[in-house]
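Got some structures for you, see below.
Look at the two complexes coming up: subunit A is in both, with subunit B in one and subunit C in the other.
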Partner chain A sequence: MEFLCSEEDIVNWLASKLEEYAVYIPSEYGFERASSSDELKLNFPLPAISIKSLFFPHSDVLMRFRGKEIVEALPDEEKKIVLTKACDANSLKVLDAVFLSEPVDPYYERRRKNTVIVTVECEQMCYGGFCKDIGIEPEGDVVIRRRGKSYCVEVRNSELLPEFEKFEACDEGAEETAKGTKENLLNIEWLEDAFESEVWDEVSRFCISCGVCTYLCPTCHCFDITDSGRVRIRTWDSCQFPYFTMHTSGYNPRPEKKHRLRNRIYHKFSYFPQRYGIVACVGCGRCVRMCPSRIDIRELVLRRD
Partner chain B sequence: MNEVSLENVDLILGWQKGELVAKPFIAKNEEDIPKLIADFTCSINLVRFLHDLEFDGKAGIFVKGCDARSLEMLIKEGKVDRDRLHIIGVPCRGVVDAKKAMRIIEMEGLKSPISVTDEGDFTLTDGNKTVRVKREELLASCCLTCRSPTPQIYDTLIGEPVEGSKDEFKDVEEIESLSLQERWEFWSDTLSRCIRCYACREVCPMCYCKECLVDPTNVVVTPKTTAYEKANRPVWISKASQLQENMIYHLIRAMHLAGRCADCGECERACPMEIPVRLLMRKAEKDLREIEARLAAMG
Partner chain C sequence: MNPYLPKPAVIKEIHREVEGERAIKTFRIRPIDGNFDFTPGQTAMVSVFGKGESMFAISAYPDIEFTVMRVGRVTSALHQMKKGDTVGIRGPLGNGFPVKEWEGKNILLIGGGVGMAPLRSVLHYILDNRDKYGGLTVMCGARTSKDIIYRDELEKLMDGEDVWLSVDNEEEGWFKLNWDKPEESQIPDGTRKLVGFVPMVVAAVKPSPENCIAVTCGPPVMIKFVVQNLLKLGFKEEQIYTTLENKMKCGIGKCGRCNIGSVYVCKDGPVFRYDFIKKLPPDF
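Showing the complex of A and B:
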């Protein structure tokens, strides 16, 4: 069902949720919890750190050691409303596939389960972004699209329907034309026989093996587990780090950066789709914008003129 | 580019045109030479790539003033062989900060592809809309205080020397003037943003240690490393991105770079979280300069 709302209507709806829910809104560097209605708005930036940090934080305590006793440190089941853009909303499909399939990750599941995703559709792709080029459509419990000076609010989660029924229905004809039929520019078939290709030498030549692309990526989800004092923690890890695949024996199956960069591309566009049926990239362009060496994933996975 | 050739070198490490800012490039054949560029989009310091560049004879390398400072330091530290380099110096009027440019692009709603032109101030255009930006608003912050934009070491210099500006460490003084509490809050706020991607370390030409204190292993693991050594490897710093750990990382890095940092700005250019990493290095440099001046005055 779709409803015609003003920005004020939507902000008021979110504000009415502030007590029951933790409402998160993107800011420049990450998602921040709104403490008052003044902070709620529909025009927000794509934050440097993606939505994954809300469910799969950079550093997470798994358990604590108290003498010989081990205490599991499960996070609270916080009721969340998260305002986001289509790319980050779609990345949750990827993360859910990993963390919510058996065996379920209880840390992720607890943070994720009472979450309402409110997606605001972008009118224009971000610089370096390619979401619309690879067919990313808004996902979420509520999807908000601009319609002139108002907004068309599509309520996909039926539990939320009663809260919007007071609003006028949005005519759906205009909706269809807005979606359009943009050609999907994803071009990944060539990966099938490119494992030994020289292209990996070329594109990785100036890779500095930092973690920017993977840490900013909303779908990258590799982690490491270490003990830190009397706690066992899980922290983000990156397949671009040379030590990521280092065996205890001293053997490293991905010794060179070309192997590591290749793995990143294959994981997203070959292994993940084979296993879960979806590509593990949402075209947010964070890696394109922030790569210190200007390595551009679009050159590898998009058809270009 | 007429001034450069592959006559005496195996390859030239340079820049080629990229989207918004230049990309690193290796010219190996004559047909690569016209692809080389040297302008205000060449923000990347190429010196760092010398650490893993393979070549038999000599390599050519493009350097701006700040890049040359880092190269000079590496030569002094014995990490780079001067005799195997042909240094192509590029006097520099400052380079574009891609993050600043992207912020303007998003704010003004410009659509890719965007071209940037240097007309004293900068012009960004997507063909339909044109935005003029003041020079200092688009330049990398290290360019605003650059004392030596003209390389001090080179074999070939392309273009006329550029006069440096006077660096009075205003940015450092601004932080120094804050109260202890305010400074603590400033650094707590900025350093708690750190995601420990180590882009600042990886991009830094001076951070060439084979192993770093933050790496998961602090002893080189070989087939001969014993289980005891592995189990008892020192862990200096937790992998958790917590303020105290982030602080230790950045402070130790600053200490290790004190007196060596060329202020090429690579750390800030690479940081996705826009942490003012240079401020720490610059504080160390300012202190060193003051100590030096005091010692000199003592005779």
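Showing the complex of A and C:
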């Protein structure tokens, strides 16, 4: 069901939730918890730190050791409403596939389960972004699209329908033209026969192995587990670091930058689809914008005419 | 059930396998709650609280033992522990060997160095269920006779089973194989201790592929030439199993570091049949 609302209507709806829910809204840096209705708006930026940090934080205490006792440290459950853009909303499908498949990751599951995703569609792609080029459509419990000076609010989670029934229904015909169709430019078939290609040498030549692409990526989910004193923690890790795969013996199956960059591309566009049926990239463009060496993933996975 | 949570376990026994810089010890441990059902070939994460956890093959059956070489932070801490100390155990993890499928077949186990550890769990299982299997042949090699793990156990086993030990360098009382043409070696009757790399032992002893399953574990270069020699003897790829290893952290297919192609060694492995391994991208 779709409803025609003003920005004020939507902000008022979110404001009415502030007591029951933690409402998160993106800032330039990351997702911030809103403390009052003044902070709620629909034209928020795509934050540098992606939505994954809300469910899979950069560091997380897994357990504590007290003598011979092992004490589980699960996070508190929190009812969340998260305002986001289509790319980050889609990245949750990838993270869910990893962390909610058997055996379920209880740390992620606790943070994820009582979450309402409110996605505001972008009118155009951001610099470096390629979401629409690879067919990323808005996902979420509520999807909001601009319609002139108002917004069309598509309520996909039926539990939320009663809260919007007071609004006028959106005219569906106009909706179709607004969405339009765009050719999917994803070009990944060539990977089937490119494992030994020289392209990996060429593309990785100027990589400085900083890991920014992976830390900022909303779908990258590799992690490390380490003991720090009497606490076992999980931290984000990066497949772009040489130590990531190095055996204790010193042997390293991915010793060179080209092997590591190749693995990142294959993981997203070949291995992940084989395992979970979806591509592990949402076209947010963070890696394109933020790479200090200007390595551009679009040159590897998009059709260029 | 939190899959990251180890359970406390007590070290019941420690056996020194190899001394020296890269010492190897076998630890027998028992979870305090007593529960730990596993299949031979499965692995487990062992925690030293405050130091970290490492993945090891379970090297016995049905006892829970780990044969650990002292190389890194966790293994060094483990080597300092004493009988009665508490560690953490998480698992069993991975797939294990399809030992039920192998019933009625001849079994050939080929191990090199500490790679003998996962094979010993199969060996124990077969000895426990001896009537369900055909012939049993064990080949176990190491750099020197002092580096052969489970040596006492394997020497005792020579009375009843077809067991071969080998070392890389010449030692007194060990028969040297033909270095250039190992398949032409004339091994004297009753000799079971050979000088030669493990693949040469395979070529010299010439196990029959007839109704046989070959399982090999050891350094990658050893596995490569063992498999070549098995294929030369007429073994089919479907008759050859091995275990792969990679750096691991989660052990449940999530942390992203042990993949070979779309396969996670920790969860989908560590046991793979050779025809399957051949289809993986050459990334290991």
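The rule is simple: the second predicted complex is superposed on the first by the 305 of 305 C-alpha atoms of A that agree within 3 Å, B and C clash if a C-alpha of one lies under 4 Å from a C-alpha of the other, contacts with A are read in each partner's own complex, and residues count from 1 in each chain.
The definition used in the following text is that a contact is a pair of C-beta atoms (placed from the backbone, for glycine too) under 8 Å apart; a residue touches a chain by one contact, two chains touch by 3 or more.
Computed from a predicted model, the values in this text were never measured in an experiment.
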item: Partner chain in contact with A:Phe99 - subunit B first, subunit C second, else both or neither; value: second
item: Touched partner set for A:Thr235, first subunit B, second subunit C, both or neither; value: first
item: First (subunit B), second (subunit C), both or neither touched by A:Arg275; value: second
item: Contacts of A:Phe195 with subunit B and subunit C, given as first, second, both or neither; value: second
item: First, second, both or neither for A:Thr248, with subunit B first and subunit C second; value: both
item: Touching partner for A:Lys258 - first (subunit B), second (subunit C), both, neither; value: neither
item: Which of subunit B and subunit C A:Thr226 touches, first, second, both or neither; value: both
item: Subunit B versus subunit C as contact partner of A:Phe65, first or second or both or neither; value: second
item: Partner chain in contact with A:Ser293 - subunit B first, subunit C second, else both or neither; value: first
item: Intersection of the subunit A residues that touch subunit B with those that touch subunit C; value: 224, 226, 229, 246, 248-249, 251
item: List of subunit A residues in touch with subunit C within their complex; value: 62-63, 65, 68-70, 72, 74, 98-99, 103-107, 195, 221-227, 229-230, 232, 234, 237, 239, 244-249, 251, 253-254, 259, 263, 266-267, 270-272, 274-275
item: Subunit B-touching residues of subunit A, taken from the complex the two chains share; value: 29, 45, 48-49, 58-59, 124, 126-128, 205-206, 208-212, 215-216, 224, 226, 228-229, 233, 235-236, 238, 241, 243, 246, 248-251, 286, 289-290, 292-294, 296
item: Touching residues (chain side subunit B, partner subunit A) in the complex; value: 18-24, 26, 44, 48-49, 98, 102, 105-106, 109-112, 114, 193, 195-199, 201-203, 215-217, 221-223, 225, 230, 235, 238-242, 266, 269-270, 272-274
item: Complex interface listing, subunit C residues touching subunit A; value: 1-8, 49-54, 71-72, 75, 86, 88, 220, 245-247, 249-250, 252, 254-262, 281-284
